[in-house]
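First the structure, then my questions, so here it is.
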Amino acid sequence: MTENSTGLVDKEDLRETLAEILDIDSEEITDDANFVDDLGVDSLMALEITVRLEKKYGVRMQENELVEVTSLNKTCRLLTEKLGGQP
Amino acid sequence: MNSAGWVAVTGVGVVTPGGDDPSTARPGDPAPSSWFDTSSRLGRRGYRYLPPAAQYLLAAARRAVEDVVGLADVPAARRAAAVGSNNGAATLLAGMDHTLIEQDVEQLSPATAPFFAVNVLASRLCAEHGLKGFSLTLTSPLVAGLEAVEVGGRALAAGRADMVLAAATEDRLSDDAPRVGQSEQGAVVLVLRQVAAGRAAPPGTVGGCRVRTAFVPPGLVHDPAGARQVGRRITALIRAVTGTERPDLPVHLVTDESAVAGAVMTALGPDSVSSVQPSGAGCVTPLLRLARELCDPPRDDGDGRSLLVAADEGGNLAAAYVRPVRTPSTS
Amino acid sequence: MRDVVITGVGAVTCHGVGSAALWQAMCQAPVRLPDRLPDPYAPGRRPYMYLAPTESLPAAPGAASRLAVAAATEALDNAGLPVGTRPPAPLNVVVGTCMGETGREEQTRAAGGTPGPEPTFSVAAHLGDRLRATGANTSVSNACSASGYALGIAADMIRVGEADLVLAGGADAYSRVAVGCFDRMRAADPVRCRPFDRHRRGTVFGEGAAMLVLESAEHAAARDAVPLARLGQSGWSCDAYHPTAPEPSAEQIVRAMRQALGQDTADGAGVTGGRLGCVIPHGTGTQLNDVVESQALRQVLGAATLDVPLYSLKALVGHTGGAAAALAAVAATLILRHGTVPPNVPLDSQDPECKVFLPHTSSPLATRRLLVNAYAFGGNNTSFLIESGAAA
């Protein structure tokens, strides 16, 4: 688990994690590349990403937050908020 | 003999732990899972989420269509798939069930969840080759691969498609499965085209075949009063594929040690059976044998024609009359 | 091309054993909530399913086989070919099933045992053995359209002259993994199966089986069997797009319907919307299927769309997986026999994006021709017509 006490998310680690999940080179996951439009992520893979990130970071994603999981930067921001917001 | 039920095979692709050459490929001898390297065989981009049986199917199909003539001329809506599998999703299902029993549904991977339905094994195959005509998944024990040729051929005759990829694909059973030692791994894909009566075979034809399936109720096999009916049914099957009840052909049997197998042996006449090959826990072996008879027939006698029969203890039977294309030196 | 007729039907659903029980439920159109699954490991937040009564089902090596045997027995009896009598022609058997006897394996595992060596997809073979059927025996597993393809394969066998008599249909019973996977993919409704409802959240599975006796018209006539209906051409297509999501333009769904309606022939005629009495849609309750299918129906039915009543069977019996299409065929046969389109099970509110006609009162069947749709994961689509027994 990479949840750390300051609640920050290591962006490069997240990039590598996403690359592993999507089975592509991490270079393709630029900061703002859109998962669906640029990286060919479909509905099931989007769900897979969510599930894997939930496990790795120990957070729960709500339905309305899933729309934020669309690029590396947005995902990083969302995870940081959720981790920073935990007691 | 009429051309009804006859199909031309214009491409063959085989992928097994024992190699990709139809004459030497072997789907048995449970191999370590590392025999098939996904990224080198298929590439990257999510292939590894496909269950192994779906990966084998893709790899075998790519080999089958590699040298096929005229594929691009067949519109997507006229291309189709018929895929046989008995245990292609078995290990995945067992694993998911263990997860549900020991943990909970949240631990299931969404990316592999669709494959609880065995027909989804063919989904990527259809997307990759634009097979919009239809996609059939057949699951009859042992004979599903040969059945894919039969049903695919019938669909060609009925005008549903102009080209069918007929296939069998299997994966290793889980370690605790009673039949794990008989696991099959790998896939066989044949490219089928219609044979029009009186016309020449399509260019690039490897050979032709006619496949029919049948059923002998095991209950009838065990009933002394049913023996004659069983015998008649088997000879009717042979007649349906070859045109005669006692064909002058090498007969290759793929079967088990069951009473059904015994009845088939009796009906064929043990002296007319050239070889008996043990069946595995799946439908690849019979279709692989068909591929071998097409691609690598013996040249020492006759013109390489043969009869292949598969029989399962549950009653499913299939017979395939195989005619490889003659090489120029023997035509 | 030889005419294919239906001479017997049989069914088992959550409403009971027998097609009479099914018709009675169709007429009543109750809002029957799904049953709590007795399985202690039943997955998800809402482990519910429309369960079939099992007390009166014949014994068999697995739950799906029990359902199949019950439906087959009724169908053969209905056709005047009761089990135990030798049929006039070899009986061929084609059975569609998504999960086969996976449920039996799951039960064994839950009890701490190891599943035996019997094949998972043994329903067709068991039926063949039970019925002493010596024709061909085929198990087709195109998930939620499996029995639609079973009917199509059976009809093709008869049309090309390979068979005169085929028992075709489908069966599916509870599977923990099937329910779990749908839940995981967020395709499970927490309330009930409510296709085309504005608030639908997915489907709810149901146990069921349906069997039909199919014959060539000549074979039926020769033994003085009165056809209940004719099985028209079935259209087959494949999205070749995504494992689970329907292709958004509905191109292949439309193509399958047009094939069934004969609209894809050279003269471009075939059956138009105005000549359909009813459509039994695939309609599962998932957000995507229902809206895409509605759009496809509008493309095919055109101006007549709101004149053709839909009968949403899954709202009554749940999503019976491999049995669904055959159950729809049985329902269509019953609608033809009675000349009435039953009322749809009430929805709370129809989705305005699903611009189709779902009547909530019964009406006379205006034209004796019904269209049935069945779709499956992998975009395996089929559509077929069920028409009155007399030749058109």
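Letters A, B and C name the chains as they come in the text, with residue numbers starting at 1 for each one.
Keep this in mind: a residue touches a chain if its C-beta (ideal position, glycine included) is under 8 Å from a C-beta of that chain, and two chains touch if they have at least 3 such contacts.
Quantities reported herein were computed from a predicted structural model and do not represent experimental measurements.
Using the mean of the Cα atoms as each chain's centre, the chain most removed from chain C is A. Annotation: A-B is the more contact-rich of the chain pairs A-C and A-B, by number of C-beta pairs in contact. Mean C-alpha positions place chain B and chain C at a centre distance of 27 Å.
Centre-to-centre, using mean CA coordinates, chain A is 41 Å away from chain C. Per-chain CA centroids place chain A at a distance of 42 Å from chain B. For chain A, residues touching at least two other chains, in rising order: 44, 47. Residue positions of chain B with contacts to 2 or more other chains are 106, 109-110, 113-114. Chain contacts: chain C has residues 184-185, 242-244 touching two or more partner chains. Of all the residues in chain B, the ones that touch chain C in their complex are 4, 76-77, 80-81, 86-87, 90, 93-94, 96-98, 100-101, 104-106, 108-110, 113-120, 122-124, 126-127, 129-141, 144, 147, 151, 154-155, 157-158, 160, 176-179, 212-220, 226, 229, 233, 312, 314-316. Taken in their complex, chain C has these residues touching chain A: 184-186, 242-245. Contact residues on chain A toward chain C in their complex (touch as defined above): 42-44, 47.
Taken in their complex, chain B has these residues touching chain A: 44-49, 106, 109-111, 113-114. Chain A makes touch with chain B in their complex at residues 22-24, 40, 44-45, 47-48, 51.
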